[in-house]
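Each of the next two complexes has chain A plus one more chain, namely chain B in the first and chain C in the second.
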Partner chain A sequence: MSKRRSAALTEAQRVSLAQTLLRERLCHQKLPDRPVGLDSQYKHLLELLRRTAVHGESNSVLIVGPRGSGKTMLLGCVLRELMSLKEVQKNVLLVELNGLLQTDDKIALKEITRQLHLENVVGDKVFGSFAENLAFLLEALKKGDKSSSRPVLFVLDEFDLFAHHKNQTLLYNLLDVSQSAQTPVAVLGLTCRLDVLELLEKRVKSRFSHRQIHLFSSISFAQYVDVVRAQLSLPPDFPDPKFSEEWNHSVTKLCEEKSVEEILKRHFNASKDFRSLHSLLFLAVSRVSVSRSTLCEADLLEASRLISADSKANVLHGLSILELCLIIAMKHLNDTYDGEPFNFQMVHNEFKKFIQRKSHSIHKFEKPVVMKAFEHLLQLELVRPVDSGVCKVQREYQLMRLMLEHGQVMEALQRYPQCPTDVKQWALSAFG
Partner chain B sequence: TPRHATPSIPSRSAPARKPGNVLEEARTRLHVSSIPESLPCREQEFQDIYNFVESKVIDGTGGCMYISGVPGTGKTATVHEVIRSLQQSAEQDEIPHFHFIEINGMKMTDPHQAYVQILQKLTDQKATPDHAAALLEKRFGAPAPKKETTVLLVDELDLLWTRKQNVMYNLFDWPTRRNARLVVLTIANTMDLPERIMINRVASRLGLTRMSFQPYTFKQLQQIITSRLNRLKAFEEDALQLVSRKVAALSGDARRCLDICRRATEICEHSGSQKNGSGLVGMSHVMEALDEMFSSSYIAAIRCASVQEQLFLRAVIAEFRRLGLEEATFQQVFVQHQALCRVEGLQPVSVSEGLAVCQRLGSCRLLLLEGSRLDLFLRIRLNVSQDDVLYALKAD
Partner chain C sequence: MTRAPDVTREQRGQTKRMSVRLQCPGYPEDTLRSLADRLPCRDTQLETLLQLMGQPDQYSYPSIFIYGHRATGKSHVVLSVMKDLELPHASVDCVECVSSGLLFHQVLSAFFGPDAAALLPRCPSLSDFVRLYKQMSSNSPATQTRYIILDRAERLRDMDFSLLPALLRLQELVSDNVTVILLSEIVWEKFRPNTGCFEPLLFHFPDYSKAELVQILSWDHHPSYTPELYASYINILLGVFFSVCRDLRELRHLAVLNFSKFCEPLEKGEAKESDIHKLWKNIEPHLQRAMQTVYLREVSSVQWEQQQMDEEAATTLRVLSAHAHIELPYYSKFLLIAAYLASFNPARTDRRFFLKSHGKIRKTNFLKKHEKTSNHLLGPKPFPLDRMMAIFYSVVDSRVAPTASIFSQISSLVTLQLLSQVGHDDQLDSPKYKCSVSLDFILAISRTVGFDVVKYLYDFL
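Up next, the complex of A and B:
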């Protein structure tokens, strides 16, 4: 008994250890040892930053790529390698800004001053007005020179948001410093907008060096599967080699499975970015437990089902029969009048016709009840008013639109638990 | 701000490394920040500004000058050079001494900060904008014997615009006072700025002394690079010519030209290790650099998009063709998208997935979208021309 118990405990520890490791990788976006498929970009960026750090050359560069394409990851890897150089370690100042946090130049300037530890910082507070801060910072940067002062790396995440600041003062000044013989700086922007240069003012644009590093992944499906395998495999330094060997073997086998390949293909077709892949794998990995300590096909199937489920179809499954009837009525109205907006009265009439024609008394509801059901649909935003202004019109006569696709309604109806046959027939019959 | 804080960036433990080889040396010289002693191709403008300022300094009068030109045509650099050489002759007592102050509209948070900065640079005292304006008014208005001439450079003039235009008015009004001895040089991008944004009394005080800097021609650009390299053999002749012709055709921006050359030296350095060429920057390197900096990335983005994203773009175009409009709602496009999926033998996507695909394309601005709260009824437009999309999709 005690022997089995201790074995089970170690099993639990192993599984939890493996899960911690994978979770770190999948949802904490742990930096990989080397970015996959970005070798040339990695080299270019590293070389550029190395020259700023070592030679004191000022540079500016934009890293552009769709969301989830690994911009921050690339930069993180480059900075990690850069900081490991002996020459660089204590000679570089790093300032990190984010367009979502530093929403205007005032805040951004305080943050820069704070991160640079300039002299007008006392403790964690920055003193002086906005104008004084700017003057102080520019003066500080101007005093420095190429060979003797420490290079500053400015990292501007969500660069496009900085372009919306008033007059683009911050960008102008940072780029101007990078174009004049002052403290060496490197301005690194990260953005997902391809048209980011068009947002810049002419004089700001002229000062930008027009270096762009694009991160478009052109990986093939085979490479994608390799990435999946690598992401799920346990590293060689896992404490229990036997367990990790088993695990890795099962992962390799899993990736060769036909149905798994289909799921991955579907995800690959939808988007190539690794972030959505990570969320899929994370759902699969979190289903691993002590009783089933290896990843199996069913886990991935379930994860894929969860991820690709249509959100509105799920909402439809939770509606009452009456609400469903109203949706069908609206669908018929849409079909008859070719997508013209409708109001509650029309829906109610359509519904009444249905009841009179075929239904038994079970669907007979008073008008207020129907109205309540309609309002519930309104709250779920399955129907929306055409003009969202203040409603001067009575609620019955306000024009509405159905926010559902034809196919969505039909599919939901097929899957609806215990749907009465007459409702189904009504939905299928064209033109009410 | 603490009273006696001196703004500075900490210094590094070891000085920066000096350039090691020819290409690195070239790169240092080609950096925009390393301004040469004499600016080539701007001799005429230099002379004009020099004469203007010199005559005012010698006569002890004041005046205004308006300098315009597109970015990167050497306006600020030329003025700085004029001041530098004037200061040299002042040191040799050829002309009277003068004071030089520089302000930049982009480097202040508010137009009224101009007063504060001018006052601080003149007398090293701090004041609020209103107080500073009053002090400056007194200084320039009142007669004072043995006053030095002040040369004031105002860069990015258009940002000093306020509703009442009192900052601009003051800047141009002070030189007209009898005792001011103030020369104001203003720089902006557009030629017709005085007519466009200034009210009459401001524009009339600015006067008619104007100068415009033309964009560089390709010969001038070539000369600029050659003079910067200063007999350093790093570039092939043809390569230089290609860069300057390309840049001159587009904008005539010297900064762009230098940046491209710098990038080309980098490319050359990386490719040099593999195949041993002449060690010079050749045509191919320059072509690559030009391609990198000028070519639009939309086509590459479309080519690297996922299958569904490409299908969605095709659906958008198909719907535009059907409607004969350049705009469609998501619902309409989605119907096309599903039809295309069936044609291609792919499993049709659900609405949620379709919307996700659409949002992804919208976030990198291949499509222009309305807010996603509109859901099925959000309107979609293309941000690229249809031809570009078709070209990108067809090429593979």
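Up next, the complex of A and C:
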């Protein structure tokens, strides 16, 4: 990246600079200045953490919200502000755990030790119990003077996964410390499960403060469009003001466009979370190139097409005629027997009936050839065995279910290249 | 691949024009052009992929999921891009990874050298991997996007439950410019865990159309024949196989195997290159036979090639491939037939088939009571040992004593997996069995002992 004056920037450099900036933003690598539409939650959380960090009050809180609703982002913003306070910065310790990574309590404890920089203190000591170990760790953090010790913030991402650990030892101990007036700790859980409290054991639950912060976005469509505009706009400190002005102008105009609004409306109705929006915008932004240096309608249209494509329909498009015929046969079986599972023999029988009675474009295939086609479908997981445990049943007689909707099959048939008419008619006919 | 056939010349001209349009700043232009030439019919995919990746120093989306049928060039395109543009990447085939530790090892050693991978503890957890990765990447931060390419990603589902969700958001977890590219044949819906996860960008590689298949297959034409001849050969081949198989790799294999047969009349001087019809007549039955043998892997490619050498072997091979015959003792054959009858006939019809004086059959009643679906559709039913023995005594033509040798033959049929025992082994007094052979097999068996099994099957009444 060139660090020359703005006047010296070429067109290509300007575009790539803008792209770098936007891509970074859309990949969630940069925290926004302030979370959108979460002001009250932001204040609440900040206040709670400040009380721990400054006044040494222990606390526990759960942040609950669907995936992509901005839990981590909210926490990140709060921590950023908290850490900007001078007295906090020196004093507070932060321990970040993730349920995906620390899959059992032993690993989690090791990670805590590491993040508190206590490996050399612990050394080769052998502990009797988990609680003893944790108590030792916290003890080690106490300062020599006064009764005050350094507050510790425990962040548990994917909190629900910690509830699956054996005996919930980690949760029990952390919450126990937060209840008793020992070291000031704040336990912050992030989860997408609303029923997370049901997962906790009674003794763990009773130690939890039952403070929950819910993130359910209630933004209107107008706000949503504002967010889109803000996300796509270049900041005022962009090296080339003329370019950024042009860009921002084009983005504003783009958001007023009828078709763009339609796309955004569709996405808004499907989900309000910003992460899916970001993936849409990411696709659109990645299409900008030197030759077309502004974001245009076609980019968003194409991005929306890519995102909303039905992947099963895409897979059906690439099947051979024989495999497609088998799918149709299964669809007929599903219709006649009301969704009961079927086996290969039935499908083959249905297919044979079609060949004998109606087909003139498709010839007879040997049974093993049909079987191979059937197994390909099985491999693609378009059909699925009812119970996979039974291996004693012959392959032909293993019961299967079709994992496709009626509509999906019909739509795939419409899109299928050079589909013979008799196959189409067979699919449309009510009964095989 | 030196001389491209005429059919494709026009197409390749198009790719040339495409690649001029395919300008991606940050990558050397001539490498891109040669890349586009080497990846026929995948221009739009290549372009979209490069757009998604962006310039090497820009952030890329945390995870990209590429799906498409087998042999549509998923890994080929991605890996060629990585290799030719010399991007830092780790490519791992998930089939090779029996444990997640192997995966971590490969990724770390590809990015940071074998020394880094040696730092992993013995049974590394995901936590260890992320810690080491962070440590290493803070020493040498990424100047270019690092790519982790996981081929056959469906295998990840069988590994540790947290592996897939963690890999999908690896960029966030290690806070490094890293992108995970998953390649699979299976759609993304089958991957999503119960409580959801970070959604990757989905990207589909469509199948090749028939014209594109012809174009690609014509690339490896034989040097001693004209490209036109090869193209017409490919057309004939696709005429036979296209409705069954669209797998490029399989078609290519078949094309190579059968080409010498196609050229036989030309070499003997019986036909000229222009006699397409004559050549078609010669090769068509041959290809049909190939579908029933080589395509199903009933004969190996070597056997198939040998067979082309001499026609004599063809007939013997045909017999060999049809149904693998197992030579059984005389009574075992009857036992198997009896088991088959017991499996596929309802027990209440035994009277009718096997009793000498079964009384008057009310024929109408008997036939009208047809079950909705025949037993040959539903599969074999389990039956008790006594029933099978009773049928056995009645079908075998001589008097047989129920000796130990007869019963030992039953257990050897079970070992051969022609019969299968139902329920637990501890049922000593009346074990139940199921017959697990096909109709074709039992027909062949009964023919050898001169027994008309069809006459005794309720489904064929």
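In this text, the second predicted complex is superposed on the first by the 391 of 432 C-alpha atoms of A that agree within 3 Å, B and C clash if a C-alpha of one lies under 4 Å from a C-alpha of the other, contacts with A are read in each partner's own complex, and residues count from 1 in each chain.
The working rule: a residue touches a chain if its C-beta (ideal position, glycine included) is under 8 Å from a C-beta of that chain, and two chains touch if they have at least 3 such contacts.
Small disclaimer: the values here were computed from a predicted structure and weren't measured.
A.B. asks: Determine, under the contact definition given at the top, whether A:320 touches first (chain B), second (chain C), both, or neither.
C.D. replies: second
A.B. asks: Is A:132 touching anything from chain B or chain C once the two structures are fitted on A? First, second, both or neither.
C.D. replies: first
A.B. asks: Considering only the touch criterion stated at the top, classify A:395 as touching first (chain B), second (chain C), both, or neither.
C.D. replies: The answer is neither, since A:395 touches no partner chain.
A.B. asks: Taking the superposition as given, does A:34 touch the first partner, chain B, the second, chain C, both, or neither?
C.D. replies: Neither partner.
A.B. asks: Is A:364 in contact with chain B, with chain C, with both, or with neither (first, second, both, neither)?
C.D. replies: In the superposed model, A:364 contacts neither chain B nor chain C.
A.B. asks: Quick one: classify A:87 as touching chain B (first), chain C (second), both or neither.
C.D. replies: first
A.B. asks: Classify the contacts of A:289 with the two partner chains as first (chain B alone), second (chain C alone), both, or neither.
C.D. replies: second
A.B. asks: Which partner does A:305 contact after superposing on A: first (chain B), second (chain C), both, neither?
C.D. replies: neither
A.B. asks: Which partner does A:249 contact after superposing on A: first (chain B), second (chain C), both, neither?
C.D. replies: The answer is neither, since A:249 touches no partner chain.
A.B. asks: Which chain A residues are contacted by chain C in one complex and by chain B in the other?
C.D. replies: Comparing the two interfaces on chain A, one with chain B and one with chain C, the shared residues are 67, 192-193, 309, 311-312, 381.
A.B. asks: Considering only the defined contacts, which chain B positions touch chain A in the complex?
C.D. replies: 1-2, 5-17, 19, 24, 27-28, 31-35, 70-72, 106-110, 113, 116-117, 156, 159, 189, 253, 255-256, 259, 262-263, 266, 270, 292-294, 297-298, 300-301, 303-309, 331, 334, 338, 346-347, 349-353, 356-357, 360, 363-366, 375-377, 383
A.B. asks: Using the touch rule from the top, collect the residues of chain A that touch chain B in their complex.
C.D. replies: Touching chain B from chain A are residues 43, 47, 54-58, 64, 66-67, 87, 90-91, 93, 105, 116, 118-120, 122, 127-128, 130-132, 134-141, 143-144, 146-152, 167, 169, 172-173, 176, 179-184, 192-195, 202-203, 205-207, 209-212, 214, 216-218, 266, 268-272, 308-313, 381, 384, 401, 403-405, 407-408.
A.B. asks: So in the complex, which bits of chain C are touching chain A?
C.D. replies: Residue list for chain C touching chain A: 23-26, 51-52, 54-55, 57-62, 67-69, 72, 125-127, 130-131, 160, 162, 165-166, 171-173, 175, 185-190, 195-199, 201-204, 206-207, 209-210, 242-246, 291-292, 295-296, 298, 373, 376-380, 420, 422, 434, 436, 438.
A.B. asks: Using the touch rule from the top, collect the residues of chain A that touch chain C in their complex.
C.D. replies: On the chain A side, the touching residues are 1, 12, 15-16, 19-20, 23-24, 26-29, 67-68, 72, 98-103, 107, 110-111, 114, 160-161, 192-193, 275-276, 279, 282-283, 286-287, 289-291, 306-307, 309, 311-312, 314-315, 317-322, 343, 345-346, 349, 362, 365-366, 368-369, 372-373, 379-381, 392-394, 396-397, 417-418.
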